[in-house]
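Two complexes are shown next, each including chain A; its partner changes from chain B in the first to chain C in the second.
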Partner chain A sequence: MKRQLALIRFALGSAHRRTGRTLSLAVALALVTFGYSSVLFLTEALRSEFRLAATALPDLTVQSLVAGRPALINEEQLPAIASIAGVVAVQPRVWGYYFVPAMSGNFTVVGVDTDAETVRRDLSLVMLEGKLPGASGEVVLGESLAAFLGLEITDAVTLPVGRAMKRLELVGTFRSQVALWTSDVILMNVADAREFLQVPPGQATDLAVLLSTPDEASVAARKIAELLPSARIVDRQLMSRTYDLTFDTRGGMMGGMLLSALVSFLILAWDRLTGVGPGERREIGVLKAVGWRTGDVLIARLWENTVIAVYGAVPGILAAYGYVFLARAPGLAEVLLGWSSIYPALRLTPAVDPGQFLVLLCLVVIPFVAASLIPAWRTATHDPHGLLRGAA
Partner chain B sequence: MIRTWPSPTTRWHLAWAGLLLAGAVAMLVDAQVRRAAQQARQPEVQSVVRLLGVADLALSSSSRWLRHPSIAEPGAPFADGPAILDNDPAGAAISPPRASERGRHSERK
Partner chain C sequence: MRTDQHAMIQATSLSKRYRSGHVEKVALCQVSLAIPRAEFWIVSGPSGSGKTTLLALLAGMIAPTEGEVVLDGKSITHLRDHHRALARRNLVGMVFQEFALVAGMTLAENIFLPLVPQGGPGETERQRVRALLERFGMAAYARTQVERLSAGERQRGAIIRALVADAPILMLDEPTAALDTENVRIMVDLLLSLRAEGRTIVATTHDRRLTEDPRLNGVLRLVDGRLER
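Up next is the complex of A and B:
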């Protein structure tokens, strides 16, 4: 223990004496760590937000497919699905997309039964201000969409629906806490949504199926598929898997790009650590001449490189945390999330815990220390006389 | 010979290591506090999912399969245009118009 402490002290002094090399390696390592950590923090946080919401999803979503594309589903199927054992409720949903060419904006229009007690309770929980929508033309907007349209409460906007124009009055906005889900949403009553999206009565966008035992979703899905052979049935678990894959793909793509930066850095580190200067040669020569073994020199070098790696990696991780969760990842969010007319305010919750922090640290520190192992060994095995004479 | 421990160099390193450790602890505590706040707003999030019927995050509304990836059919990108190139790399490479930043950074308390 005492010997290791002495070696660590020597390594710290050595890192301090070669300030230029220590700083350049630590800064380069911090930059690479920052890139990786930012991508990881952002994708993990988005996944965690989805998981938080996924528990409230219907157990099954039934869509109708025509020519491989989603089509409106006939509500006549409702009683047959509702009669399947284990099905608690089947709700036809009217929702869809509304594109405004003048604004190059694609909005999500959602119709709800504004008279239903459960809907009014949910709305009162998620609305920031204004009154609950009820009458025709009254809408609740996501905060980003309201800002995009430049609307305040009680303001009205007229939007084209086919050849006609529809007047919408903003009666409330969603709270910023749910902005990640509602930024582009226009919520209105079902009749308005049908008119807006041109969904005829008796048809719906899809059906939400609630089950008494969610674990039996696959059994219920099979029975629904027998009733509606052309339907696409999505269960809650499949939705969660899709989401994980989506962010794995995007995060992985960024990670792949950053991999070349890490490899370049390791090559740079190898090059820097292999080149032993005259001062360093003399130092090793003196150490070996006074009785240091090759193993001691090697361990001192490993400690020195570990210190450099930690000094670089930890600030990189801390900076990434601040960048993603305090500054809301300007630049990276646009790259990861793609193009859109309306963006939510990225108020994300970090998913990082001590275990993840240590894993991230090890992912950076271990390759760096491993890459420095052979240069350290080559330095340590030099002949002390040759080193002192400057011949090595 | 007078030996002082810790030496000025060691003291400097200990101070820096302490600072990094304090930063890491502060980060983990902050993450924990934010996670607790996230749990506290779970009823609101669940209400909004019940209202909307989907839990997809409104991160990109440029295509239906980017807006609602969990329920878009597997061939959705190709339905938008046969033999279309995947939008994802384009989405990752092309920055949004500056006008859209107005919506992104606007928020209310």
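Up next is the complex of A and C:
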């Protein structure tokens, strides 16, 4: 331990003495670490966001398809689905996207039946302030959306519905761990939602099916498909896996693109480290001449490059954290989110998997430190006499 | 091979050849010598005669092509790199012609360099170095970066570093090359005081101020890699 501490002290001194080399390597390492960390942080945050959102989805969602695209579903199908073994409840849902031209943004309008006890209970868990929407014209917004619009409870806003205008009063706000919901969801009673979204009575956006045994969702889905051959049945577990796959694929693509940066960095590192200059060769010669063993030189070099790796990787990781979770990853978020634009801007909840640091360690730090050992070993195995005379 | 029981440094039939492509250069040829404990010997000779190569062989910094080196009764010739490094640290204190101090480090950091792999200096070593700094008139420069020191100061610093591990043998390569007469006198006096404490000293030089000094124990003359008798 005492020996290692002495070697670390020496390595720190060496890193500070060779300021130019230390700085150039640390900056290059910081840039590569920043790129990789940003992709990892953003992918994991989005994955965890969608995973969390998926837990609130019904076990099965039944949508009607017309020409291969989702269409309104007829509520007549409800009793037949409810009679399938294992189905606990079937709920018609009215929700959809409402475009506000003045803001060039989509909001998600959700009709809630506040007479239903389960809806009341669920909403009371997330209510932040105010009351549930009851009468026509009353709305509840996610806290981020309310803040974005600058609305407070009792404030009113007028929005276009077709050619007419409708006055809405904010009666409450809610919060959720899922930033996506608080960013763009407007809750109102079902009748108002039908009016906003132009969903006629007797029809719904989709049907939410709750099962007694969610693990057997595929069996219930097959029976529903037999009843409604043209319907699309979305399995919650399947959806979670799809999201995971999507972000894994996109994260992997970004990682692949960053591979070239990593390779460039390793080449730079190799160049700087293999180019052991005359001064460094002489220093290794001095160390060996005064009794250092080859192993001592290598351990000192290992610590020195670990110090550089820390100097580079830590600011890179911290900058990536700020870039993703504070600055909202401009430029990168669009790539990972694909076509969709989330408005108002999505503020992600920080989600960091310790495994990500292991990935970073394996991809960036370990190759860098390992790359430094080979040239140091090649130099340190020469005899000190040759190194000091510049002959080795 | 017969080993001289009183010799601190013994070399037997020492040869060193360097190969460059198909050309072989003989740097040292069949050199045998025995230097008793607590003596101060000079290896002299013109430039290129093999003085530095001989010193490097005696210090275990290079391996001979033929022959053997025995220090304090232990052969260092067939030791692996690991053990030869330990022999260099524990038996030999080496002072190089250009002092081999690490630029950017203070004098104290340079002096303690040999001790880093064993965990840095303990209290005994610190006391020894404090005493040596005082004795060599270098106490005021301990925290000075070595590149700010004069040649004489750097050389004295290099000698203190060679003594930090309390090695019984001190070897110096061209110790007077960069010194004026006054500094040569100071240095020789210091080396003689070290000899008086029991250290065995070998220095290479072609400087008459040293080779003709009657206080030294003897001079070995190298010409074209061979010892003149």
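We take it that the second predicted complex is superposed on the first by the 253 of 392 C-alpha atoms of A that agree within 3 Å, B and C clash if a C-alpha of one lies under 4 Å from a C-alpha of the other, contacts with A are read in each partner's own complex, and residues count from 1 in each chain.
Heads up, the rule we're going with is that a contact is a pair of C-beta atoms (placed from the backbone, for glycine too) under 8 Å apart; a residue touches a chain by one contact, two chains touch by 3 or more.
Worth saying up front: this structure is predicted, and the values here are computed from it rather than measured.
In the overlay built on the shared chain, the residue A:101 is in contact with neither chain B nor chain C.
Of the two partner chains, neither chain B nor chain C is touched by A:162. Of the two partner chains placed by the overlay, neither chain B nor chain C lies in contact with A:229. Chain A has more of its residues touched by B than by the other of chain B and chain C. In the superposition on chain A, A:385 contacts chain C only, with no contact to chain B. Look at A:79: by the touch rule set out above, it reaches neither chain B nor chain C.
Using the contact criterion defined above for the overlaid structures, shared-chain residue A:9 touches chain B and also reaches chain C. Of the two partner chains placed around the shared chain by superposition, chain C is the only one that A:285 touches, whereas chain B remains out of contact.
Using the contact criterion defined above for the overlaid structures, shared-chain residue A:20 touches neither chain B nor chain C, since it reaches no partner. Contacts of A:200 after superposition: neither chain B nor chain C is touched. Residues 9, 13 of chain A lie in contact with chain B in one complex and with chain C in the other. Of all residues in chain A, those touching chain B in their complex are 9, 12-13, 15-16, 46, 48-50, 52-58, 61, 63, 65, 68-70, 91, 93, 95, 97, 104-108, 110, 112, 118-119, 121-123, 125-126, 128, 142-145, 147-148, 173-185, 187, 206, 208, 232, 234, 238-240, 242-243, 246, 249-250, 253-254, 307, 310-311, 314-315, 317-318, 321, 325, 334-345, 349-354, 357. Contact residues of chain B toward chain A in the complex are 7, 9-10, 12-13, 16-17, 20, 23-24, 27-28, 30-32, 34-35, 37-38, 41-62, 64, 66-67, 69-71, 73, 75, 79, 87-97, 100-109. The touching residues of chain A, counted against chain C in their complex, run 2-3, 5-7, 9-10, 13, 17, 279, 282-283, 285-296, 300, 381, 383-386, 388. Interface of chain C with chain A (complex): residues 56, 59, 61-63, 81-82, 85-86, 88-90, 94, 96, 100-105, 109, 113-120, 161, 165.
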